[in-house]
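Common to both upcoming complexes is chain A, partnered first by chain B, then by chain C.
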Partner chain A sequence: MAYVALSDAEKTFILHGVEEDFRCDGRSRRDYRPMELETGLVSNASGSARLRLANTDILVGVKTEIEVPDPLTPEFGKLEFFVDCSANATPEFEGRGGSDLAQELVLSLQNAYESPLAFDYRTLCLIPGQQCWKLYIDILILECGGNLHDAVSLAAKAALFNTKLPRVTATLLDAGITDLIISDNPYDCTRIGIDTVPLLVTVCKIGDFCLVDPSAEEEVCSTVSMVVSVSMRNGEAFLSGTHLTGGGAMHRDTMRNCLQLGLSIGEHLDTLLAKMLRQEQERVGPKRPKTVGFLK
Partner chain B sequence: MGSHFELLSEQGLRLDGRRPHELRHIKCKLGVFEKPDGSAYMEQGNTKVLAAVYGPHQAKGKKTESNDVVINCQYSQATFSTAERKNRPRGDRKSLEFKMYLQQSLSAAIKSELYPRSQIDIYVEVLQADGANYAVALNAATLALIDAGICLNEFIVACTASLSKANIPLTDISHIEEVSGGPMLTVAALPNAEKIAFIEMSERFHIDHLETVIETAMAGCREIRDILEAAVKEHLLHMGSAADWARVG
Partner chain C sequence: MLRVTQVKNSLLDGASIAEELYSTPQDGDNFFESLEKPAKEPENLAPRNTFIRAGVVTTVRGSAYMEYGNTKVLAIVSPPKELIRASARRMNMGVLNCYVNFAAFATGELESVPERERLLSSMLTKAMEPVVCRTEFLNFQLDVRVLILDDDGCLLSTAINCCGVALVESGISTYDLITASTACIYRDHVFLNPSAKMEELLWKHRTGTGTSTGSDSKDNTSTKSVQEHGLIITASLDTFEQIAQCQQCGYLSPETYMKLMDYTLAINKSLRQLVKGVLTARVREQHELDLREKAESALEDQRLAEVIERLKLRGLDEFIQSNIKEDPYVKKQ
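Right after this comes the complex of A and B.
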């Protein structure tokens, strides 16, 4: 994680702010920082999204490939996550410096997406046992301003929403060989259902209190945080994975509170993201507002 | 010459509709990120590059031994930047080669005597690759260095050029023209001093044409220099208007 130097006095100030439910930037413990979200920016990718959460900047590109499904799960497609911590974010990421953080993010995403109830792998299957889609979700971290887990999962979900898979038709040839015909019309495409796709919510413990969306400075003050992955199904929030990060330990009661907080925040976040993505999809042509970020 | 496709149509237009000496559309922005000391975003056609500069700061490790400035570059390309997915963002031969070339060109531009025993980190990230990646990366790095307030002798800009079958020189080569198999020349220059800091050529053309192709690339460099200069001035005016500098303009 990017290194932030804080003195003891500054840490105490942050700690007191959290106790008063009035954090340094004026938020309460349950508030998120402002976000910017744009989709469809990278023309070489099948789907893409850029998310800026205060100072955290994430660019996600989704690439597709056709592969053979695993023999154990012949009806499932494949997902592969890749995180690259760009040295633009901090010089410590130069060379292989960011690989530990990248690995941690990949593992928590893989955990969250593992259950077929959280992500419907069947929609990625073309011919059971023979052909399936493999999606490469490539995540590029351009700037670190705290709360990477949440930002990465939001951006990944938005990029999956934006992903267009070309329509594929199969014809049966002699000897049981199937031939795939991939539509070359860019508008003849299918989308991926993202209703149940999980979001990660980091619940950070500072002093005796739990809060969400920690800034880089708050992350330094916390000894332990809990990453809760929330998947929505039929309007109900389900837990699709969780793990602790940081060096500290947590009491079981605190953990239960963290999970509850994570689930309720995740539910809210998911509703807002879905609403935003719907708006983004509807605003096409001249109605589309000018992009806000640096791209385009 | 080689059996490459014709790069120029009968009407004198290129594959993407440009005229022979026309640049692709350039868009650039300084100061896109807060954490680095300087950052810039540059777009030339469909090639999109981000650059960040950290420093000058104390040189780390072994590098402290020498008295000179250490210019440390990294060139990486997002895995989704090309049509075919890349397996890793950096560490392949092309990236290492570009990193070396960046170091070489930028050393020529930075006023190194002002930064003894210091290190300047320049990180370049290609978000979308559509030809002339090195040239756009270098131009973005120049802007980021300016944003970081590092003294340069002058703008260092790079441009590519090629030659059509009918021996008409072409400026600013796109990816499709690159892979069509024509020759390609990359020049990094200090346009005011008319100095060339770096030159690279692939494929081949007759030595008689070399002079004209270099001149085409240099003309492209001058044109890009003007665009970058305008962007820097606009950025400064924008930033400075808060401090009442705008009137000086």
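Right after this comes the complex of A and C.
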């Protein structure tokens, strides 16, 4: 994560705040910072979203391509993640500085989306064994203000919700070759179901307490954090990929607490995100607010 | 679907190649059917047959070789070296880098090797960070290299175990001994220490799980509970019951997650005894070697002392005379 220099006194102040359940910015341990979410900003992508979580700014674009499915999973489409840590975010990302962080984010996203129960790869299938959609999810980190895992997964989910795949009809030619016809009408499209798409929740351990949505300063104070990937299915929360990060260790009981905190927060976050996305979609015509964009 | 007809191989004197070239989704099912299924609740929480030996490579100080069933791994710890480009964030901690490499013959498919190497390296670094006292070598970096000689599942956990032993052998201070193990669940069966074939089944044949029969299962999903599948790798430091890393993939309910984690923690405990035994044996062996060396040098000292004593008795002149040799190039007058 982006490095913030903190003195011992500042660290102690943050630690005491966490113990009192009253953090530096006035939040409790279970609160998120305010979020701004917009979809459909990038005209060249099939779907896009921009998320601002206090100082963390993420822009996600989804591009589509037609590919041949893997012979072992003939009815599955493909997903590919790419994270770009822009040098605008911190000078540390200049050159190859951000590649470690980018790789970590890509790996945790890949891990979370791996299971066919978490993301229904069948919806991306065109002709089993012959043609499928491949989605390129390109994530651009414009500003780094802590809690990147959560912000990136929220933005990716919103961008997937916004993704419009053109309707495809297939005609069978001679010798079993199929020809795909992509609809000319830009409004004739299909959407991707995002009900079970996982969200990552970082549960950060500072002192003896666990908290969510750490700011960049709080991340410096934490010894270990747990990234919990929560996928909602039939109203129940499932785990689709968790790991520890931050170079520390924790007790089994602490881990269970972290897990429970992460699951309850993830559940809440998921319902809220779904609600907000639906609201934004319904606002059409003059009621739709002007897109603000990411440069403001 | 994809079936390759067997071609007679002229090189093999008309014999056909036994192994099939391509696997199909159906093969996964067949393999699972043929598999000996463990009980739903495994009672025997034991590691596989394990062989560990510390100090196998003489060119570096810390090295270890480990066999975990058929999985064979070699780990090397090179001494800390100074950071070339020190940045502010690294000032208060030493840097640990782990690199995992597959030997060319370690695995059947070569396409996915670079990606797996990257994934394993990153996970291994995360797992080893908590155990090394990184505050002791500020501004230095420690490189740990792992070579995988044979892959039969549980790669990451075996690599963690092996690195733990190699770190102790190299004399890098650690907070505790680290041990790791793997458990997975597939179609309601819990597999401890899954083999490579089992892990492949989990990842490659993903169609086999959950909604396997297409349309009719779609109606059932609301009533039928979700079929969980997933894999857990836990690395623990048992003195204070700390968990250094717990990586999970797949799709699990929180209860199953905790259950699988407890299984792996139990295996870690018994592995820890083994690692402890290996390390104490190694120290004892080294101690014996040292003793023998000491005894030998003492003997040598004694011999020299005797020589000196004898010379003293015979007098210095005689000693000098006995040591003057005739110069062969100077002719006697």
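The definition used in the following text is that the second predicted complex is superposed on the first by the 291 of 296 C-alpha atoms of A that agree within 3 Å, B and C clash if a C-alpha of one lies under 4 Å from a C-alpha of the other, contacts with A are read in each partner's own complex, and residues count from 1 in each chain.
Just so it is clear, a residue touches a chain if its C-beta (ideal position, glycine included) is under 8 Å from a C-beta of that chain, and two chains touch if they have at least 3 such contacts.
Fair warning: this is a prediction, and the values are worked out from it, not measured in the lab.
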* Does chain C touch more residues of chain A than chain B does, or is it the other way round? -> C
* Of the partners chain B and chain C, which touch A:Glu36 in the superposed model: first, second, both, neither? -> neither
* Please work out whether A:Asp188 is in contact with chain B alone, chain C alone, both, or neither, and reply first, second, both or neither. => neither
* To do: State whether A:Gly61 touches chain B only (first), chain C only (second), both chains, or neither.
  => first
* Answer with first, second, both or neither: which of chain B and chain C does A:Glu94 touch in the superposed model? => first
* To do: With the two complexes superposed on chain A, say which partner A:Glu236 touches: chain B (first), chain C (second), both, or neither.
  => second
* To do: State whether A:Ser115 touches chain B only (first), chain C only (second), both chains, or neither.
  => second
* To do: Considering only the touch criterion stated at the top, classify A:Arg252 as touching first (chain B), second (chain C), both, or neither.
  => second
* First (chain B), second (chain C), both or neither: which does A:Gln260 touch? -> second
* To do: Please indicate which partner A:Glu80 is in contact with in the superposed arrangement: first for chain B, second for chain C, both, or neither.
  => neither
* chain A - residues contacting chain B, complex -> 2, 42-45, 48, 55, 57, 59, 61-63, 65, 82, 84, 86-91, 94-95, 136, 138, 140, 142-145, 294-296
* Sites on chain A touched by chain C in the complex -> 3, 5, 71-76, 92, 103-104, 107, 111, 114-118, 129, 224, 231, 233-234, 236-245, 247-252, 255-256, 259-260, 263
* Can you name the residues of chain C that touch chain A in the complex? -> 1-2, 22-25, 87-89, 93, 118-119, 122-123, 126, 129-131, 134, 203-207, 209-210, 221-222, 226, 228-230, 237, 240-254, 257-258, 261, 265
* Interfacial residue positions of chain B with respect to chain A in the complex -> 29, 32-36, 39, 41, 43, 46, 48, 50-52, 54, 72, 74, 76, 78-83, 85, 89-90, 121, 123, 125, 127-129
